[in-house]
Amino acid sequence: MRKGIGYANIGDSFDDFILIKEAARGVASNGKAFLTLILRDATGEIEAKLWDIKKEDEEVFLPEKIVRLTGEINQFRGKAQLKIFTIRPAQPTDGVHVADFVEKAPVEKDILIEKLTEAIFEMKNPAMQRIVRAFIKKYQDALLTYPAASKNHHEYVSGLAHHVVSMLGIAKELYTLYPQINKDLLYAGIILHDLGKLKELSGVVTTSYTIEGKLLGHIPIMVEEIGIMAKELQIEGEEVLILQHLVLSHHGKAEWGSPKPPLIREAELLHLIDLIDAKMNMLNRALDKVKPGEFTERLFAMDNRQFYKPLFEEK
Amino acid sequence: MRKGIGYANIGDSFDDFILIKEAARGVASNGKAFLTLILRDATGEIEAKLWDIKKEDEEVFLPEKIVRLTGEINQFRGKAQLKIFTIRPAQPTDGVHVADFVEKAPVEKDILIEKLTEAIFEMKNPAMQRIVRAFIKKYQDALLTYPAASKNHHEYVSGLAHHVVSMLGIAKELYTLYPQINKDLLYAGIILHDLGKLKELSGVVTTSYTIEGKLLGHIPIMVEEIGIMAKELQIEGEEVLILQHLVLSHHGKAEWGSPKPPLIREAELLHLIDLIDAKMNMLNRALDKVKPGEFTERLFAMDNRQFYKPLFEEK
Amino acid sequence: MRKGIGYANIGDSFDDFILIKEAARGVASNGKAFLTLILRDATGEIEAKLWDIKKEDEEVFLPEKIVRLTGEINQFRGKAQLKIFTIRPAQPTDGVHVADFVEKAPVEKDILIEKLTEAIFEMKNPAMQRIVRAFIKKYQDALLTYPAASKNHHEYVSGLAHHVVSMLGIAKELYTLYPQINKDLLYAGIILHDLGKLKELSGVVTTSYTIEGKLLGHIPIMVEEIGIMAKELQIEGEEVLILQHLVLSHHGKAEWGSPKPPLIREAELLHLIDLIDAKMNMLNRALDKVKPGEFTERLFAMDNRQFYKPLFEEK
Amino acid sequence: MRKGIGYANIGDSFDDFILIKEAARGVASNGKAFLTLILRDATGEIEAKLWDIKKEDEEVFLPEKIVRLTGEINQFRGKAQLKIFTIRPAQPTDGVHVADFVEKAPVEKDILIEKLTEAIFEMKNPAMQRIVRAFIKKYQDALLTYPAASKNHHEYVSGLAHHVVSMLGIAKELYTLYPQINKDLLYAGIILHDLGKLKELSGVVTTSYTIEGKLLGHIPIMVEEIGIMAKELQIEGEEVLILQHLVLSHHGKAEWGSPKPPLIREAELLHLIDLIDAKMNMLNRALDKVKPGEFTERLFAMDNRQFYKPLFEEK
Amino acid sequence: MRKGIGYANIGDSFDDFILIKEAARGVASNGKAFLTLILRDATGEIEAKLWDIKKEDEEVFLPEKIVRLTGEINQFRGKAQLKIFTIRPAQPTDGVHVADFVEKAPVEKDILIEKLTEAIFEMKNPAMQRIVRAFIKKYQDALLTYPAASKNHHEYVSGLAHHVVSMLGIAKELYTLYPQINKDLLYAGIILHDLGKLKELSGVVTTSYTIEGKLLGHIPIMVEEIGIMAKELQIEGEEVLILQHLVLSHHGKAEWGSPKPPLIREAELLHLIDLIDAKMNMLNRALDKVKPGEFTERLFAMDNRQFYKPLFEEK
Amino acid sequence: MRKGIGYANIGDSFDDFILIKEAARGVASNGKAFLTLILRDATGEIEAKLWDIKKEDEEVFLPEKIVRLTGEINQFRGKAQLKIFTIRPAQPTDGVHVADFVEKAPVEKDILIEKLTEAIFEMKNPAMQRIVRAFIKKYQDALLTYPAASKNHHEYVSGLAHHVVSMLGIAKELYTLYPQINKDLLYAGIILHDLGKLKELSGVVTTSYTIEGKLLGHIPIMVEEIGIMAKELQIEGEEVLILQHLVLSHHGKAEWGSPKPPLIREAELLHLIDLIDAKMNMLNRALDKVKPGEFTERLFAMDNRQFYKPLFEEK
């Protein structure tokens, strides 16, 4: 059986290190203070209550701290909750690190950057290639650590690069089936489409939205960045406009944040490839947690559907 | 320059054989009868007026007849119209056939059936394989001649088989990228998903909807057919239900004709692959008719969008 | 005053037998285990908490068990809750049965089957009559016990048959007012329209959805069943197709689960009669629980409206 | 075969009196003036062109004039058109009257008023009865001649009264099936619900909307009228408010013109009965014009659907 | 720092008089009764729990009573809660009054009535002026105390009059910019548009909906009132109809409660001015509670948006 | 009576110069070529047919040419059409110019630029002032000639500047009523909000969309321009982001082209002021063309409504 809080069942006992993701103080009906903790490891997260706390507990059990904890998985209002028996802060000598409790892409950074470089190398249109290369150079570090979203899909370390590399794989195959596709344009669109998230999201561990992200969003941010980059590189020609259009339209519809729908073949494809990779990422991870004959939990970003794993699938 | 009525420009003269697709009698303001003809060849269609007709003309210029025609491409209310100078019915000695004036899939029937057989051969789940094999046997002839739709995409001879074979190509590639996919299930879903159209549509040359098509539609028709086929083959087990679900849900949403949305990973993929192939078919054919720097005509089935062909595309 | 938990008011004391519908274990802030019970009788249901339970309590107070309970109706977060003073499992000598705590149709099974038989007897079209008769024979037992839905309307024992018989009553009257109606077709449609629920729903006491129900739904299930039944009875002709259309379209709109809207006069009527009877069932039962001058609770299946009982209505 | 322009087929010759409904002057491409006439009898209407007219023709062939006409039914842009051979104004000696060319309810005025009186006589609640009686007295003449709408359903002389009387028939039957219904309230609601149309519509022969109808609509007009009538009759009590609510909510939804949805059982029923009678009126008349195996024309007020008449229906 | 519960922060201590708005009895997990209190002053409201209450407490701590309370602002499930240390009922000698704990318009009643009178004085159309004057006379007291809504905007004492006077201010300015506006009509529409709320809402302190408000709503109520008032004043002419239309259409769309959209220039303006004043009222009050660099709470009536206060704004 | 084609009535004769806006060749049923002309002056436009044309006519009667024309206003398919009696090209000696036939703002360019300068002068925030000043300098010429849209509102020479100046007028007045408004921000937002149209639209006389306009739209174009301008001016600070947000959100909703809704008070106001001025411009011009007691034509950009001019309005 797989290890980790994401795979725990009601009734399991727990005895391990775990990371505090959130901690909020409350007051119980008996007048005593308590902490509501959200705990996480690389496989998932769970709520726990720490009752009858003292002032000093509040200064110790803080977000981004690791604790050693024994307890039991209970059920509360239909959701799993970790009942705490003992809890203590981790010590330096315990040899545990925040990075161990955070989910990561299933592909190493080395491979990701290699695949990206390969794709850029395949491109023949010099305008597009230079723009893409300049952005990769500018943002390489962040691109290799940021998630692709704050939740829903690829919401893990290197998630954004993982998403881009998977999409490049689909693009390559579709190009062999539909040779009319302008591969350079599609590759460039895929690599650039979500780079605005590096400004829209606050960071890697506890990802939230920046003011800029809330007031503009990653799509207009990136359209502007392409314009500025092209100016700096003194690139002119329709390539710049078309790349901006690919980024602008990649959510597919005005209601979904694209003021223009895709009006270029490769823009339409970019939108569809984005959909496929995001959905496969969500579906594969959700189905991985259930047994044949069961339904997954509700997947919010897939219209709240619960997916079924047929009996003839092997776990 | 490409030949054919689909590529003709305003002002071109015309001197060739062409097929009458529709013919309707009218009476002009001078009290004389005329015929409105819809003429077609393998590349497109055009309207023409035949003025001052006699009784016997009406019996000669009938739908599905070929004519020899000279004239000129004019514009009328913003649409191209063929002005007729001379017209005569084709003679047996002219050596022209209806089949020459109908659009066909760009892939030969031999190849199509070979690709289908290969896919079925790859399948390992015996229940799915037997059901698919039985349907191919039952419907082989129709499957190889029917269009995939009465308009919009793959609306040509062998269009349905062409659509299925293209989709199998995408499925194969996605399986290499996402090995969690149940390939047998996805292949079976792709092959069966639109077979109900063989009952929904009236035929190949002038495709319209049957009563059964109008009152039930191809999705419920095919769900029922799978149930009956499984009964005949005495196949039991969840495979039958799951295949019915794939067919039922492949339009993706209730508003689009699927009473249940996809609730199986491969059902979601089937829906997405169907979208990609249908859209690429529409887009490639529409973009093929315009020059770089131009927009296509409005594509009804793609939210009435007009697509742009960038200047850096070579014609 | 009416007796039963559905009519109890805040502050009433309770001393009676009652059925456990659901039981879920929780852990209180003092660390002790408790049970959240959903209790029901034939008039309604109520939540209760059983605090400080022991291991053996969990094995005794199980769903579908009857208990003898004393307590008081309290209010908690705006909803009624039964505060437990004493509780014990019912004994065989208590002479109480699960069937006593389940709501039933207000019409006896004998009457229901008699009315159904009468309607079939009135039919003159042999194809329709034979199909309907065969289904009644095949499903008689289930039809007479199943609810019409898992909640909202006719959600009680024999609810489905009660719904069908009420609808036949409306159809009969409308036929006298609009003699153009094809009565045989309308009767057949009414009797068959919801039979797919016998496969969609899991059973009578704790009604949930089957896998088949979730992946296909009662409408496609029944369309297929009619096709198979007609094959078995060797019935051909448009009657089969039309009956399938009536079932397929009876939810009225694609968004509501009918891939085709009603396209036959009797299909439209079937949809409207279904609406009337479902709504009257919901409304009459909800208004029955309030006094003149009051509003009912929110009725979820009626757009969450609260209905008013005018002062001039007698209770 | 049925007689009348509504039943004429392409190719039929015509030789009869007919009423001019509309007449509009145009100028042909040869520079000569012509009239576009809309001609009607009690069964339907048809367009005709009167070519090469003189000044005096324009003063003779005016709306609401009857003409003697010979011609032939032709087809123009897919619609029937009456080609005129000869035309002359009807003379007093011809003995034809406008009333002969207007569609009328299939039930006589005597019967309609009798049925209305009967329903009022059955009512026991004095407040409701007095209000309804006062309105019938005030509006009897108009009620017995007005259509129920300017198009779509009951759009003929006495259409409003016919609609009301049909609805009373349905109400009576539903009351026997659901005795919880407050029959007085439902009857009163039915009789009053559309009386505002007497102010919303301009009249009987060429029905259009009044300024008041366009700016307020029949629903608010009638809510106000009930308030004023109750004041005049010095009736107080919740009956007035409830009747106003029934009128206000009878379109069912805000989008359909009811600022409040039905919140009273009888208001919901009024809405449903209104739907049934309007739809049966449209459907029966449309199906009456087609043969078994055919579809009706598109019915605008029924979501533009075309309805099918099964082969097993006798014409 | 501003004083009052609406400006309190988590951790603040509290020692002041405050008004009980709601009080509901509950039973805790230890079996003891408690009260959930909603407390308010002129700046906002907060929840508090009073644990372990006795029978007599329930008779003392009632809605609309003032209490003297010490405690601390805590957080519970993400919302502020007032933890009670001590609580006692206010005494007559404390010199506090309910009116001190209720929010009031920032403009005095004298000023409000003066502004209203001025506007009426400016009007030149006698029909409109007489109608408006009659309504002000009839409703002056209520108009000067009622809120404009039960929540969302101008939900305070004199809120309705404050809203009307602000709107008159906007109208006056727009008239100088667009002199085509009929000022009399616009003024009359503004003054009358929401007067129906005096019958729709129950009162000033704890504002809820009346039965009439729920079944008819303020718009149809006011349309009727204008009709009756015009009858009483024996005013005829299009002014009455147009004023009714302005009231009827001022919500702008059928979905928002206006069966007719604005079809008069001044009706469209009335709708827009209403929007502006309501939104500015909500926005200014919400932004007033946050610091530069922060977002407001979600504003339900503004599509649940959270508004940002830029860093360059001074508090 | 007002002069100009926009005020002409059916039956009027015409004898004046007029501008050809569009010219399209067709072939009549008699086989002869004709031209369909769209003719315009500063008050409106009308269609005309020029029958039996020769080759040389096609080279003379071209778009943007002025002609001298005599004829008569007729009606064709319900729309006005100008029947041509005589037509000749204007000569240099006729002393007529294209500019005479184009609609212009009712305010002179001098006044417009003066008002703009005044507003900028009032601004105190240096960052905003510098950005706005730089844009006015960059675009002054275009801003003073471009229309605000290709149709619907302010679609005339200097329309954009006229729209901006009107909006500044409203903003100034609202600021006096709601002093919480940040006037600098609101002024800056108004001046910049539609400047992207200078790149979105092709020009002044025959306004169409540029490729950039179709693929990006004026909103993202302007967001990018602000970013680039701020970089050039080396302006940092939240002002830049907030101005971009005002431009981005000024259409109010994602469906209307704003990927973010207004999240700043002044952004919400900008949206509302834009609505008011656009609507007043459409309404005033449409109402100006009808008499009291009439309805305007359908206004497409106002939900296709027809507005009524009350009888008590003076023409």
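In order of appearance the chains are A, B, C, D, E and F, and numbering begins at 1 in each one.
Note that in this section a contact is a pair of C-beta atoms (placed from the backbone, for glycine too) under 8 Å apart; a residue touches a chain by one contact, two chains touch by 3 or more.
Keep in mind it's a predicted model, so treat the numbers as computed, not measured.
Under the contact definition stated at the top, the chains bordering both subunit C and subunit E are A, D. Contact with subunit A and subunit F alike is made by B, E. Interface comparison, D-F versus B-C: the higher number of contacting C-beta pairs is recorded for B-C.
Taking shared numbers over all numbers used, the subunit D to subunit E interface scores over half, which places it in the same class.
Copies subunit E and subunit F of the same sequence differ by a rotation of 180 degrees once their CA atoms are superposed, given in steps of 5. Taking the mean of the C-alpha atoms as each chain's centre, subunit A and subunit E sit 43 Å apart. Subunit F has its Cα centroid 60 Å from the Cα centroid of subunit C. Touching two or more other chains at once are residues 29, 211, 214-215, 238, 242, 263-264, 295, 308 of subunit D. Inter-chain contacts occur between A-B, A-C, A-E, A-F, B-C, B-D, B-F, C-D, C-E, D-E, D-F, E-F.
For subunit B in complex with subunit A, the residues that touch the partner chain are 125, 166, 169-170, 173-174, 176-178, 180, 182, 185, 237-239, 242, 261-265, 268-269, 272, 275-276, 279-280, 283-284, 287, 295, 302-303, 305-308, 310-313. Taken together, the subunit A residues at the contact with subunit E in this complex read 24-27, 29, 31, 211, 214-215.
Of all the residues in subunit F, the ones that touch subunit A in their complex are 211-212, 214-217, 219-220, 223-224, 227-228, 231, 238, 241-242, 244-245, 248, 254-260, 263-264.
Against subunit D, in their complex, subunit F makes its touches with residues 28-30, 34, 49, 51, 74-78, 81, 83, 295, 308.
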